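Please read through the structure below; I'll follow up with questions.
Should a chain be cited, it is by its letter among A, B, C and D, assigned in written order, with residues numbered from 1 in that chain.
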Amino acid sequence: MSLVKIHSHTAIGSEIYELTFVSPVDLQAVGCEPGQFLHIRVTDSFDFLLRRPLSLCKMDIEHNLVTVVYQVKGAGTKRLSEKQVGDVLDVLGPLGHGYPLHALDRAALLIGGGVGVPPLVELARQLQKAGKVVHTVVGFQSNQHAILISELAAYGAVTVVTNDGSLGRKGLVTDELTNDFCSSYDRYYACGPTPMLQAVQQILEKHKLPGYLSLEERMGCGIGICVGCVHKVSRDGQEMNVKTCKEGPVFAAQEVLFT
Amino acid sequence: MSLVKIHSHTAIGSEIYELTFVSPVDLQAVGCEPGQFLHIRVTDSFDFLLRRPLSLCKMDIEHNLVTVVYQVKGAGTKRLSEKQVGDVLDVLGPLGHGYPLHALDRAALLIGGGVGVPPLVELARQLQKAGKVVHTVVGFQSNQHAILISELAAYGAVTVVTNDGSLGRKGLVTDELTNDFCSSYDRYYACGPTPMLQAVQQILEKHKLPGYLSLEERMGCGIGICVGCVHKVSRDGQEMNVKTCKEGPVFAAQEVLFT
Amino acid sequence: MTGQENTANRELPYRAIRNVDLTVPFLDMNFKNPVMPASGCFSFGREMAALYDLNRLGAIVVKATTLDERQGNKTPRLAETAAGMLNSIGLQNPGVERVMSEELPYLTQFNQLPVIVNVAGTAIEDYVMVVQRLSDMDSITAIELNISCPNVKCGGIQFGTDPAMAQSMIRAIKEVARMPVIVKLSPNVTDIVQMAVACEEAGADALSLINTLIGMQIDVEHKRPLLANGVGGLSGPAVKPVAVRMVYEVTSAVSIPVIGMGGIMTGVDAIEFLMAGASAVQVGTANFVDPYACIRIIDELGAWCDAHGVRAVTELIGAAKA
Amino acid sequence: MTGQENTANRELPYRAIRNVDLTVPFLDMNFKNPVMPASGCFSFGREMAALYDLNRLGAIVVKATTLDERQGNKTPRLAETAAGMLNSIGLQNPGVERVMSEELPYLTQFNQLPVIVNVAGTAIEDYVMVVQRLSDMDSITAIELNISCPNVKCGGIQFGTDPAMAQSMIRAIKEVARMPVIVKLSPNVTDIVQMAVACEEAGADALSLINTLIGMQIDVEHKRPLLANGVGGLSGPAVKPVAVRMVYEVTSAVSIPVIGMGGIMTGVDAIEFLMAGASAVQVGTANFVDPYACIRIIDELGAWCDAHGVRAVTELIGAAKA
């Protein structure tokens, strides 16, 4: 747990903000995995007792800064959006297990939906740095909700779709996931709303592409002590509830069960 | 209920602040009684659900500003002390019944202890404006807690006592209330901690000086609907609990009962 | 001139939500909206009438009325807690005779305002005498039987936690009452459904819940309970989850209408109670925080319905049940 | 490398309060301070051991352990409420065998840490079998019988609200337990004192209270209860006044020691419980808000005593009683 200063805070879309603050850990010394999250108290008031999990989107190792990108969903993220540059933030993390990189992979397919896109930015950076080909498919509600496209484009090709066709092709990310298209990649990495993840998992299982899903469950502690955030997985033929904060939020796609 | 802007906010003693904000009522149009109070929410968080009552200390009719002076007692006043110039404050009032002026009086004795002194400033101003002689006796813990003396001195003589003798005479305000001294006044007006009020009432009853006491009880609503803030008075030979927020906080000294 | 009257000018603009029907049927009446102040949190309406037109309320519930005048408990009677407050008022009120001669006549000027009188006491006979006396007055819409006040020693609390005693009380009251009887339940029970069903069986026309939870705060500096009375009743946002749960459970078990309350601060809070099954809601503590709370909540309720395509607030009642 | 390990370096400076004796006698032991994490809010200690030295705690209470492995309830299992939260975990745990083989041995490395195992189940026989099994392990300081979990259907909740059933349970457990038995009480009862006295009579060595209040939150946008389970247990600052009241009442009626909990966030909160009569306290929800809550509270407790001239924390126990 650290009290850190807000470095910048700007609107980058419809009710979507990019928030940069001093890293609660020394980035140089410890390093972070893409897909890990920061667990943030939006105020010290008991009105918002629990922390809010937000994915690590970017790291600036030189200045020891981290960036999250979030959408105002409810009262807590609304309150967060009122924070000013220079204000102090109570941040825990980075927490959890992120996306693993595979040494032998040559090309990776990244799939993101809405505010599931942020963790893919740091992932794309690390993949590209490791010499992999990166192609990202991102889907948004509309033009106004489209975020982080230029950031992603710095690391590889980006395909954009929107629900209303106001940017890129009209449709869903899954429309892009043809067998032909997918066969060029060694692995996929997805983050987005649960229905999207479920559809992606189904399609890419058919295409026999292995991958990872970053799951979203309501979190209490974020560190594995409340057992509130579980998701069902199948391991050794056994169904079990595992903590997404501690064992996840990123899981191998083949073990994740949706019900 | 009004949302008003803070105009100035400064420390004027040990953990004592002077806070000036836009009046929630048009002072020109309605006028306020000295002894009335403002009922203030220190934050919109449910951590501090109830408002805090603070006495009207000064009014600036020309700029439509009011001033309160308060001491940090608990978490709520602490929170209030963190408010900045320009911040918005949720204020109800002025509420209650203040100190009545009596047309035929020539000289008034004002007695204040600690943060009971603030309402005497506006009272002294109005008394002096109405042509009365004003003498104020104020007691403080120490030099560091002494407040508003020069303000009071603008309207008449001021006698200061402190518990530790670090300013004025060492002792209690009641030490000053000799029969001789009191005989020069038509009436007294007191505000301060309950033990002080009780002692003042007892002594001045002996000296046959009529007067008023401003009572302090924990308040909920401040407008007479919760019946939380009562104090016992005797009226027509009957003891009864009356609401200090609505019928007070100022009461004729002879009707107030202490138990 | 005092401040109260002055603030009357600054009430919120009344947003007439044209597309939404806020009326709710209650017993054989129609309330113009489902929002009313809770007993003990609005006194007898006089102070609030200086702030806004009471006709805008769905109904009014006045302070607990007892047979004889009561002075209540010693002060401090109030304490602030996390997202809530404790009170130990102890039923201070002028007694039924003066309530009828001095307080209730004042409310008759609000010709569109149903008046519900909260009745409290120590023994069944007290309650019966109060209700008998109130039955002489035509302007009273309903009685709310407070069998659950936690702040009177050897008082009503027994009735509120023992189903058999509650039934005896209700049967006795129903014999003398000329108006509908709403029974107000205590949350300080093991089985709220059992209490509710017992009250319905005994003839209650409606139920209201929850009264306050019993709580205590310690003044650590003075090493003693902060309230002079030791314990007090907990209310405010802190208790809302308990209240919503009880309303949900009770409305699944009885067929008489239920008025929900406990921590309602906003229109959305009120909607939680309606969706949980309440036919109407009461607003207590919120009035102390924001004197305009009731009319603000009515406005917010209308605006929410409007934004969500809800044509009639009655559509929301029980909507959260599977 | 993940973040948890990293944060271990940033624990609060341990302020040794030299002038204050924080030890409290509990049963036939001495705890080095009166602060322990509450069951279900610290898992089995492994995650927390990455943050600070568990030897600093007065004791540890681990997650509810049942006979067989349990997967718990569907998600969402958590909801935030005003100054509180609802949970409906539903006793997810690996079952007593794996708790004994995989979890408890880990804790033996903390040689100054008394370990209390919270036990839950559905029928008396379950509880008996779990306690029998745990009695084989010398490293367990005490059992905390969770007869009050509101999150298991047709589960332990019955025992927690019926004095006679609680007594049968306790008598059966006492026959097999080789360690002291603490009984954890539910606040969802009409008469907490009656429950406490019944437990004492049946042989409970100590009591702990309160477990969570039963609550519900409605997701108004989706018109359904937010928790998949419908209802959940309310904890956090919101419930503190209810908890303090119950501790005050219970400690006035029984002579066995009582562990107080419910909404403790700070040292002063802990002092409220001690002054109300508790011999020790547990900290639950606060661990989620601030992972260092327990050791911060220990420090704050010491600092408060120091500033107030209190030489031994035992002086505070029951200090608020007349």
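FYI, contacts are C-beta pairs under 8 Å (C-beta built on N, C-alpha and C of every residue); 3 or more make two chains touch, one makes a residue touch a chain.
What you are looking at is a predicted structure, and each value in this text was computed from that prediction instead of being measured.
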Quick note, more Cb pairs in contact for A-D or A-C? It is A-D
Give the label of the chain whose average Cα location is farthest from that of chain D. B
Rounded Å distance between chain A and chain D, as computed from the means of their C-alpha atoms: 35
Between chain A and chain C, what is the gap in Å from one C-alpha centre to the other? 47
For chain A and chain B, let me know how many angstrom lie between their CA-based centres, rounded off. 57
For chain A, what residues touch not just one other chain but two or more? 46-47
So chain D residues touching two or more other chains come to 82-84, 236-238
Assign the assembly's chain-to-chain touch graph to one of these shapes: line, ring, star, complete, other. complete
In their complex, what parts of chain A are in touch with chain D? 1-2, 24-25, 30-33, 36, 41, 46-51, 76, 92-97, 217-231, 239-241, 246
Chain A residues within the chain C interface of the complex: 46-47
Chain B partner contacts - residues on chain C that touch it in the complex: 1-4, 6-7, 10, 40-43, 47-48, 51, 63, 71-72, 75-80, 82-85, 87, 89, 92, 236-238, 265, 285, 287-292
Which bits of chain D are touching chain B when the two form their complex? 82-83
Tell me, which parts of chain D touch chain C in their complex? 81-84, 86, 161, 188-191, 213-220, 223-225, 230-231, 234, 236-242, 244-245, 248, 263, 268, 271-272, 275-276, 304, 319-320, 322
